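What follows is a set of notes on a single structure, which appears directly below.
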Amino acid sequence: MDIINIGRREFFERLVFSLLSLSFPGLLGTEEKDKEKNSIIEKGYDPKAHSWGMGIKIDRCIGCGRCANACKKENDVPPLPFYFRTWVERYIVFEGGEVVVDSPNGGVDGFKRRVLEKRMLRSFFVPKLCNQCANPPCVQVCPTGATFKTDDGVVLVDSEYCIGCEYCIQACPYGSRFLHPETRTAEKCTFCYHRIAKGMVPACVEVCPTQARVFGDRKGRASPLVRFMRMNKIRVLKPYLNTEPRVFYAGLDMEVK
Amino acid sequence: MSIQSRERKILLFLTIPIILTVTIFLIYNSRFMNKIKALVKKMPDQVKRLLIPVILIIAGFIVMRHLLVPSDFGKYGHYRASAVDEIASLEIKYIEHTVCEDCHDDIVQIKHMSYHRNVMCEVCHGPAAAHTQDPDGNQLPAPRERGYCPLCHEYLPSRPTGFPQIVTESHNPRRACISCHDAHDPKPPATPKECEACHAEIARTKALSHHIYLSCTRCHETPEDHKILPRDYHSEKLSNREFCGECHAENALAPKEIPRIDMATHGERYVCWQCHYPHLPEID
Amino acid sequence: MEKLAEHLWPILEQVTGYIYPNEVELYWRILIVIYPYVTGLVAGAFILASLVKVFNVKELQPTYRLSMLTSLAFLIVAPMPLLAHLGHPERAFEIFLTPNRSSAMAMFGFVYIWYLMAVLLLEIWFDYRKDLIIWAKSGKGVKNWIQRIITLFSTDTSERALKFDKKAVKTITIIGIPSAFLLHGYVGFIFGSVKANPWWSSVLMPIVFLFSAMVSGIALVLLIYIVVTLMRGKELIMASLDKLANYLFYTMIVAFSLEALDFIHRIYESEESIEILSQLIEGKLFVSLIVIQFLLGMLLPLLAIASVKLFRLPAELRRHIYFVSALLVQVGIFTTRWNVVIGGQLFSKSFRGLTAYKMTLGGLDGLLTSLAFLILPFVILYILVKILPPWKEARES
């Protein structure tokens, strides 16, 4: 915001027209909106033509952690074990019902074998990330409009506008958000918006060696995501909260919360 | 960002005549003015004094609002529209896998037919966007130490069966993986002779049981090509109870010490392995 | 970067069970505990004063102006811990410019300004106007000039003007009571509407917040009245104290019933989160919840004041019991806020683990700053009392 650079003449212009706008609300201030360059649209990407989502096949995930690793590198996420845009969890269900969950450094360096206290019944890996909900509680509670949902279904954070109140972090049921220690604004997975706007896939999808992560448009026939949703029984995380997540899991276990 | 002159002219032409008309109307309509005068007279002195800071504050707020709200706020929704552009123009670090082929087509051709065909180059070589800008200046690392391949291929009970896993402590300890496996075509240097080369967990379990005396192929019909292309040539699993009855039925022609059951009544609605784990049937 | 996250490594070691990786750092800390405590005092003191005006409770008339000034002093301090906590306090005005209408926090700015300007300042202004004019005339010092400026240079002390003043005060009081409810109730709503957090998400949260606010407000007025009167060397009016203690008692009963209801309801319904929340209450939150909030902050003061009502105790003893009870209540209500804010973040949203909170000593989010924010209202109150003396004696002069 460059209010400091307005000259005196412009200040008075704005003052007068602001007061006049009391009688004609909305007339002023709109002329700049239409003149704004629609930059990503100009470059050929129309958000309205897409509706992004991600599919995750639990039975394919090997817990190698390449996704979490690539995400940190692609998005300059602090390389400390407290800040993750995506991470991998390991679930070990023992005979008798006890469950042990762990995520050492978010899975960024993979997983090591664990000494099992009891006999294991089943075990699997679950990649987690921002669910890019269609009914996002984080957007609902943001006091300033710094976090928002784009026309193509991605929830983004405007780091220039965020005041760092951390309400969105409290409101997210999935723990996908964190406060960046340097910018002191909220941050989370953006589906690598800077990549998908150019026709690429998110970094985590790009590097997954078993294609456990599927990215695509929720609409249309020729989308890998649509095929994923046709061929698998789908579950989402915490459906009872009605956040309408757009990250769909195939083979999700009941122990995953 | 100054007000455009076209809009300025429209405003001037609209507002000034209207304000003039209203003022003239008010001045000459004495009844309305009298009402206003009466209201003002009735208003206590302190309220009149209060109104001044109140009006100033409200006016100040409206002015500040128009000055400080970013001009593109609200264009697409309740957010600053240029934020979308700012985020969309962030630096890309991982390029698409198809780009590698432009220069390294020989390697990509080999990899394309190998077990690693779905493993993207950047999984092992790291983000390559800088390398495409300046190939010689930004050389990519190639992991050669033994620690990297086990990130995917270490045996972990949590990994799905069927994914090739080795127990690193016993699999050619301390030798670099690439001394036997070409990373771009990682098939094992020799076709495994025994099933347990890949199915170690099952073999170890079976070794604790009486079924150690059964070879894997006794129950699992396996084509020879399964050792070379395991995902394309599957081995068979049993489908009926009678097979187990060949040893375990009352009248079976088998060594006496094998436990016998009456096939007609013992769990006749189920197949045997719904209750008995075939690789270690001695446990409950 | 490493320096910024230095404090998180020891917390990582104290994590039990499984928490989402982003949950190691507790985000809303001591400053966010102070804010609902302070606004609670604001709302509580104001509602007490308003009920005095609306229902003409004669015994509490001497405390009316003091309650109003206390409310104002705490209200001035209220947004400070919030600003200190923000990642970008210099952008805080965005809440006024582009409030997100679905966000309870966005409404803070407007509710606060409305309450400050349209309710509290106006009511104090109309109530004090006549006295300010008289005091301003009595001297030429700085204090007198400030008083003249506050009156906005009005000099009208006619019967008509005074009648208008009285009517204005009454009207504003009536508007003010729901406004005070809103000022603190919306804080409860900020927590109560977070469906992601089962410790916070509850229909009762705004009501519980409000009643505990009233409890703390009444207790605060009681404390300040005793302290200030003794400091001025004047006689304590037992009728006022008894009335205050009475109101405190009944409000506490309501507050306690509401909290007990929430507790019983939670245990009865036994939803998914009951396991981890039980772990939380039996472990990390045991001392602050069971011992301080419940036993010391609620049960003990209730029993103490109940014993005053049952047995006819001498005035000297009653004074001491009221004072100690009011102090315990303050500690209890502060701990209530702590248990809500910090407690809600100590367990993971995976319901599988617990993290830890280490409060720092220094720094903007530390103990010393928090103590400063708690002491500052009393400093402001001191200044206000000098400029706008609330004593009966000052009025008569």
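Order of writing sets the labels: A, B and C. Residues in every chain begin at 1.
Basically, a residue touches a chain if its C-beta (ideal position, glycine included) is under 8 Å from a C-beta of that chain, and two chains touch if they have at least 3 such contacts.
Every value quoted in this text rests on a predicted model; they were computed, and no experiment measured them.
A.B. asks: Counting C-beta pairs in contact, pick out the pair of chains that comes out on top.
C.D. replies: Highest contact count among chain pairs: A-B.
A.B. asks: Give the identifier of the chain nearest to the protein's overall CA centre, each chain being represented by its own CA mean.
C.D. replies: A
A.B. asks: For chain B and chain C, what's the span in angstrom between their mean Cα positions?
C.D. replies: Here the centre of chain C sits 46 Å away from the centre of chain B.
A.B. asks: How big is the gap, in whole Å, between where the Cα atoms of chain A centre and where those of chain B centre?
C.D. replies: A distance of 11 Å separates the two centres.
A.B. asks: From the mean C-alpha coordinate of chain A to that of chain C, what's the distance rounded to whole Å?
C.D. replies: 37
A.B. asks: Among all residues of chain B, which ones touch two or more of the remaining chains?
C.D. replies: 68-69, 73-74, 78, in rising order.
A.B. asks: Out of chain A, which residues touch more than one other chain, so two or more?
C.D. replies: In chain A, residues 145-146, 161 touch at least two other chains, as defined above.
A.B. asks: In chain C, what residues contact two or more other chains?
C.D. replies: 98, 100
A.B. asks: Mind listing the chain C positions that touch chain A in their complex?
C.D. replies: 1-2, 4-5, 8, 12, 17-25, 27-28, 85-89, 91-92, 94-95, 98-100, 102-106, 108, 190, 193-197, 272, 345, 348-352
A.B. asks: Okay, in this complex, where on chain C does chain B touch?
C.D. replies: So the residues of chain C touching chain B come out as 93, 96-98, 100, 117, 122, 125-126, 129, 152-154, 156, 160-161, 164-165.
A.B. asks: Would you pull the chain A residues touching chain B in the complex into a rising list?
C.D. replies: Against chain B, the touching part of chain A is residues 1, 3, 6, 10, 13-15, 17-24, 27-29, 31-33, 35-36, 39-40, 45, 47, 59-66, 70, 73-75, 90-92, 109-111, 113, 116, 120, 123-125, 145-151, 156, 158, 160-161, 190, 193-195, 197-198, 200-201, 203, 206-207, 209-211.
A.B. asks: Looking at the complex, which residues from chain B come into contact with chain A?
C.D. replies: 1-4, 7-8, 11, 14-15, 18, 59, 62-63, 66-94, 96-97, 118-120, 122-123, 126-127, 151-152, 154-160, 163
A.B. asks: List the residues on chain B that touch chain C in their complex, please.
C.D. replies: 44-47, 49-50, 52-54, 57, 61, 64-65, 68-69, 73-74, 78
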